[in-house]
Amino acid sequence: MFLYKYYTNINENELIETFFTKLLKSSQKLYKLKLNYQKIIYFIEKVVIKLGGTSMEKPIIQIENLTTSFRIKDHYHAAVDNVSFSVNENEIVAVVGESGCGKSALALSIMQLHSKDRTKMEGAINFKGKNLLPLNEAQLNKVRGKEMGMIFQEPLTALNPLMMVGKQIEENLDYHTKLSKEQKKTRTLELLSQVGIPYPELTYKQYPHELSGGMRQRVMISIAIACNPDLIIADEPTTALDVTIQAQILDLLKSIQQKTQMGIILITHDLSVVAEVADKIVVMYAGQVVETGTVREILKNPLHPYTKSLLHSIPSAITDKSRLHVIEGIVPSIAKMDRVGCRFKERISWIPEEAHEHSPELHEVETGHWVRCTCYQHFHFQDEKGEMITHDIT
Amino acid sequence: MTLLKVEDLKVHFPIRGGFFRTVVDHVRAVDGVSFELEEGETYGLVGESGSGKSTTGKAIVKLNKVTSGKILFEGQDIANYSSRQIKPYRRDIQMIFQDPYSSLNPKKRVLDIIAEPLRNFERHSPGEEKKIIQDYLDKVGLSPDSIYKYPHEFSGGQRQRIGIARSLTLKPKLIIADEPVSALDVSVQAQVLNFLQDLQEEFKLTYLFVGHDLGVIRHMCDRMGVMYRGRLVEEGTSKEIYNNPQHIYTKRLIAAIPDLEPSVREEKAIARQKVSEEYEQSYSKYFDEKGRAYDLKPISTTHRVALP
Amino acid sequence: MKLKGYSKVLSVMAVSALLLAACNDDTEKAGTKSPDKNKPTKEVKQEDAAAFPRTTSNTKEPLEDGHVNYGLVSDTPFEGILNYSFYEGDPDWQVLRIFDEGLLATDEDYVFNQEGAATYELKNDNKTMELTIRDGVKWHDGKPVTGEDLEYAYLVIGNKDYTGVRYDTQMAMIEGMEEYHAGKADKISGIKVEGNKISFTFKEANPSVLTGLWTYPLHKEYLKDVKIKDLVESDKIRKEPIGFGPYKVKKIVQGEAVEYERFDDYWKGKPKAAGVTLKVVNNSIAVKSLQNGDLDLATVNADQMDSAKALGNIEILGNLELAYTYIGFKLGRYDAEKEVSVMDRPKMQNKQLRQAMAYAIDNNIVAEKFYKGLRFAATSVIPTAFPKYHNTEMEGYKFDPEKAKSLLDEAKYVDKDGDGLREDPNGEKFTINFASMTGTDIAEPLSQLYIQQWKDVGLDVQLVDGKLAEFNSFYEMLQTDSEKVDIYQAAWGTGSDPDPSGIWAKGASYNYTRWVNDKNDELLKQGISAKAFDEDYRKDIYNQWQELVHEEVPVIPTLFRYEFEAANKRVTGFDLKFFDWSEIGVTEAEPVK
Amino acid sequence: MWKFILRRVLIMIPQLFILSIIVFAMAKAMPGDALSGKVMDPGISPERIEELRDQMGLNDPMHTQYIRWISNVAQGDFGQSYTHKTKVMNVIEDRVWQTVYLSLFTVIIIYALAIPLGILSGRYNDTWIDKAITGYTYVGFATPTFIFGLIVLFLFGFTLDLFPTGGTVSSKVDEGTFAYFLSKLNHMVLPAFSAALISTVGVVQYLRSEVVDNKLKDYVRTARSKGIPESKVYSRHILRNSFLPIAAFLGYEITGLIGGSIIIETIFSYPGIGQLFVTSISLRDFSVVTALVMLTGFATLLGTLLSDIILSAVDPRIRIE
Amino acid sequence: MGMNVETVTTAPPKEISPSGMKVIWREIRKDRMAMISLVVLGIVLIAVYSAALFIDKDAVARVDVFSIYMDPSSAYWLGTDYGGRDVFKQLIIGTRNSFSISLGITVLTALIGLSAGLIAGYFGGWTDNIIMRVIDFVITLPQMMFIIVLVTIIPKFTVTTFILIMTLFLWTGKARLIRSKVLSERELDYVHASQTLGTPHWKIILYHILPNVSSLIIVNFTLNLAGNIGLETALTFLGFGLPESTPSLGTLIAYATNPEVLEYRWWIWLPASVMILILMLSINFIGQALKRAGDARQRRG
């Protein structure tokens, strides 16, 4: 597995080469070394980890205090507000929340696909040791598609209707590899069969509208993984699909990940999907991370009122017929949001004001399990009268 | 008591083709479906997109033309009624639509939206009308002040509740709910589902619940039918279907439901794999040469499966 | 076919008018049968103060290798029927006359003289006319023009397969022509050919032959292979025409332009210029093209006159046209069965009413203001362009509204209901319906002016259908004696024959007024009797006739007109009346700008 | 594909039939026939006119005339032109090519101007360059073609003396030579530009809104996520999709120009079918008028067909079996 | 670049605001050009229509041989034409006539197009098929030629007949546009809802679908109004326009056919051309603002 990855990742070979040639050549170009310093360190660390076979997790991407603001009528409003988390190799991190919570905005922020003239981004996206935020468009283009792929929700609109499916996959190779025409085609066919398309040769020449929803999503995936990226961002990849197809696509993603060790950021609103595939969960509400932790931890022991409420409102396939939980009110729109205090306050009005923090912080309640605002300690469902659910903090 | 009985319902759409654009074939959207609804129960129709479940629902409210078969409502076959004949039945059979955004006319006030069926069937003074509507708004948990507002001023869940209020004003006996929550967020979905349950109790409603989310169907329905390519492949109580699926398609469908328990994911994946393989192997056993499911055969008093 | 009481005197205003439909009613030359003339024989008396010269003033010697650019002013391409026997539109005629001509030339009064390519002699009590073609008159292919060629023209025109419009009553006057036309004979007995001599014998003597005989030969040898019914479509007429005029056709760009080169063997000697380029130009850009020297010669229309006059590099030449504009009164209808006009419409029957209407309009103002002096008030129905027959004593109806009013009072057309408009003698509302045609810019205000002036004397005149009629509808109304029309404004081209029978005789279908008058018929008959070979006698008859028309006013002649041609100052030898291309040359290599 | 074309052609038959009836009825409804003009020539006797009328069958019952006419038309014979004294097809043949050349040239200019303008305007929407281009389209939209044509004619034709002011070719050059071709082009410059400048408006506006629309499409986002340079995002994705309706427009554009040639040809004394139409209608040469209307109608039908074929060729979503 | 804000707000997708007039007004106020246009158009129309009340139309059409082709002066603000008629007064009446004609054509085509489009789109099937075949056919006709032929055939050619002839050919575009919109509207659930609620078809068409296509109609109406102002100019130029006794902007502009007028007497045709430009541009700007108001994605406010 590892060797395969190593072998195909031309990037790293190049790096070693440049490192040594630059070192040996002239001192005049030493400043260039500085530029690559972080990257080299990252690389060395990676090599060391891999050679040593330690299970110590090393993040592919670290998002630090990322804030993305959109301009609406001359004012900037943060849709992604001070979000930090990281994704390790071979890890699936699910970002969960209702629509309007900023998950998709986050996904597009990482890829920096927002319209530049109406978006403001702050913080850092450290991807393989390099901050992506200050990069210009051309530099970003070397990362996008090559080291970082994206899968979108609606595969029909996300594929160019006038371009043969094969060509759309090849396009990725056009700009990131130096493969010959035949090699590209071979690689594309290989990718198509890798994502479980039964007749790659035929599908290569088909147009998106000629494929079923599931097939299209497979094509999307093959576009995203064409250059063996280290990270894939999947924005609601199964929402538009039937449940059987959803299962297939999720299985496919997992099996690809096993082969390539890539990290996946899975954006979804469906907690049962999360339960199926994710390793870590980031729960977002109103642009903020309100709770994060491992899947097992969060699903077994949800702490934040929002997470709890969400879990209780699922008409689960396992639990029997009973009343579902309802979260009062609606997700505030980013332009109208009150940015002071706990953002979930209004929807749990029966919880006393004092329970909330003045400016809510993330608290680590267990290793790797973080919860925002102290209100979780005092939270109870509205019908569970008065009974405090306290949680001991270790 | 049987409220609705659907017998061998077929809805075919013509496919035009060939040189003269003649009808060369039909899309058999619904191809011989039979089921019954007892008064007061909730019956679920579940299946993939394109399985014909929505078409079946729409055929019952005459939004789709019935090709053949019977739709017996309180014993009367309304399948081929003209729009005039059907009018009295419109009061008794109402529909809740999937998309809360498109199902309310954006140019109308809530008052006019909810009053539309009333105005078609009953005469009320504006004062009475307003009162009736405010009552219904109250029942679906919306403020009576909102009658002068427009749909866009409401959230998706609220809109869906306005749609529900509209369908209630004529005091129907049967409500066809066509994926009423699939466009909503989980939390809002919960709200609407709760309401539907409350209202059923209050108004003694019978629901035909069409959906693709097996969780929701399970949660809502007493009995359910699984549809595949315009045919019912299995019918039974929710418990029977979930715990003891007999048809390979049902099995596959159940296996695909993601589980909230992360610890069982590996087992589930393996199980899914097994069902999938079985599906491939025994496809011909469950479907005839044309890929059509067989007619339903009872395996218990409540449980029927499409087996050869 | 019955011989009708008119001869082929009148020229074809209709044909030229066809092209005016959408644009002009005053531009075109009376085409078909105005034969060319070689040299001006005497000074023409200019009757009007407008006094435009008729010839170019440049007297320098033309350049041997000069090239003339001629602008055919037309809003449409020329159709390309380049033969006298077949063409219909004026533009074709303009193309045609550069390379082909008639055998007889005419004098100032449009009467044949002896200076053309042929000479003639009247014999047999004026019943026979014999033409002798000069030696050395050659077609462009070098073959001599013979009597047979002219005969062939008659054989073609008279043939039942002939598709053109030239077969008319004058043709039918030749002995044996009707039999030939009916297909009963394969020769025309009245035409005898002897080498370069050809003689025509007519059924009766008629002075019109001296103006109206068909003298355009067809190149028999060249054309005889083409069936008569196919002639009009043949390339020999459309693409490679052969004539015997001063220039040969070198190249034709269909509809747009023609390149000519000098015909060295022209019977009158070498033409003055080495070549001519004819180019179709839009009326709206003609003056501009003259200004920048693209054209040496081009017709100038009244609406362009101001800008043309302002140009320093051209000379504007004027010539009286054989035409007059008039206002006609519909007095009856044409009985097609009996083929006579019947004067049975009472409305405009009152002579005093007609006279009053004539007095009420001011033609001088129209001429001066609308036409800027480029036209002048008409006095008679034989235009001044016909010096020999125009009655110079005539003064026409001078603008006199008071007289008009008193005439109307006398005729008992008085205003009884006090609305300022007169009622008819029975006290009924009296509205006169006036038909007029669309044309140049001036058409509409002109008709409005007439209506206003009639209103000033108390007459209610309205445009038929409230608008100017479009050309075809207009003439259809006149021909069918539409009840909608009481009076109308139109124009006649008189042609080169002085005999007015064609539009004035009782039996003439073109007598649109349907005016019937015994004295008129008698005078017309006398005018073309054998006696009328005596010029003074004929002149006297026509003087009397003009006076009769003036007195009875079936029409009010309104305007006489000039045609105008602008010539670049380098052009020499140009005479607008005779338009003799062989004389036209240029004295500078480059046009004056 | 062939089936589709054949079917479309079959559909054209009833359309052509109705068109022919309307056209024929119109021709008959025109005041006067071709001979009423000749009636005014005093040299021709009314008997001769009647004789000619009979000869031409103008006195037959309507349906006989129609059947005769339509069966001739079916064989490409539109009868005789009364003013041109030759077969209508000959007259039209002489002119139609001029109009076709002019239209083609105009189409080339239209697209050569409109495509870059539309792309610029759409790509940089709401910038000054977009505003300038949109401003131009507004003014172009509001300018009467013939005023523009006249001004161009006087400015470039006369005042600056840069281009010829009438005709299709100089009479001084010989057919088949390169000079002849150049002369033809030279004569087409003014009319083609005048026709094009205003016709570009539609294409520019259309293209602009297409580009603006497509810019926001999901697949563009996908393309960006592949790390493709911006210029390629435009050329391979946005523009290709934006050109779709424009390409489909081509068929209509050409036939539209044939109709629009009426004004342009009149202004520039360009002897094509537009000018022929105006002349013929004035002269009541109804066989030419009907032929022209029929043929342009036919051409428009073909244009629609062409548009559909182009569309199906460039858009894989439209399937033609 | 790709994303727009809508994806991150909770605003419902493709909202057409019910308080349409408010949105329209807000949009026009946001757009300076539209605001200026509205003011200019208002002033021009009020001025022209009220001034036309005080102008004696017969006097304007009256020929005065003593004042042919006068230059602009205090008596004749824009000089006179070849009939000695006051150009300025003709401009006033002409503007009124041209605008009224345009309005007439637009209203008529809108009515016909709307009815045809609504019926075809709503009922579909055979009804749709027949209406669409008719529309296809009319679109296939060489319109300019047909209009010219009709103008020549019709004996009394007046403003009314002109409007009718134009309407005959111009309704199809609208019908198509509205049909396609209705087709998509018909598939929306609120129409299905009304059907299941027992609302009759005509009521659904009039009270449900019509209000929802209204923004499209308003926008299209305005843009057409602008387009139709210049409609008769070309015909007048070719000599198939309105008679001079009915002055229009077209008749004034057609004076420019005479090169003398074009070059030396610009005051006859230029003001009319400018007037057309002003009218068309201002209506167009308003129309563009309306278009934005109808399309949430492009709204500025």
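Labels A, B, C, D and E are assigned to the chains in the order they are written; within every chain, residues are numbered from 1.
Definition applied: a contact is a pair of C-beta atoms (placed from the backbone, for glycine too) under 8 Å apart; a residue touches a chain by one contact, two chains touch by 3 or more.
The structure presented is a predicted model; accordingly, all values stated were derived computationally and were not measured.
Contact with both chain C and chain E is made by D. The highest number of C-beta contact pairs joins the chains C-D.
Ranked by how far their CA centres sit from the centre of chain B, the chains are topped by C. The geometric centre of chain A is 93 Å away from that of chain C, both derived from CA atoms. Averaging Cα coordinates per chain places chain B and chain D 55 Å apart. Centre-to-centre separation of chain A and chain B, using mean CA positions: 35 Å. Separating the centre of chain D from that of chain E, both taken as means of CA atoms, is a distance of 24 Å. Counting partners per residue, chain D has 30-31, 154, 221, 224, 266, 278, 282 as the residues that reach two or more other chains.
Along chain B, residues 155 each make contact with two or more other chains.
Under the contact definition stated at the top, the residues of chain E that touch 2 or more other chains are 1-4, 10, 152, 155, 239, 257, 259, 263. Within the complex, the chain E residues that touch chain C are 61-63, 65-66, 68, 82-85, 152, 155-158, 239, 243-245, 255, 257-260, 263-264.
On the chain C side of its complex with chain D, the touching residues are 1-2, 4, 6, 8-10, 12-15, 17-19, 21-22, 32, 75-77, 79-81, 86, 88-89, 163-170, 232-233, 238, 251, 253-259, 277, 279-282, 285, 288-289, 291-292, 294, 336, 470-473, 475-476, 479, 502-503, 508-510.
Across the complex, chain E meets chain D through its residues 1-4, 136-137, 140-146, 148-150, 152-153, 155, 226-227, 230, 233-234, 237-239, 253, 256-257, 259, 262-263, 269, 273, 276-277, 280-281, 284-285, 297. By the touch criterion stated above, chain E contacts chain B in their complex at residues 10, 12-13, 15-20, 188-190, 192-200, 208, 211-212, 214.
Of all residues in chain A, only 98-99, 242-244, 246-247, 250-251, 254, 269-273, 275-278, 295-296, 299, 309-318, 321, 323-327, 330-331 touch chain B in the complex they form.
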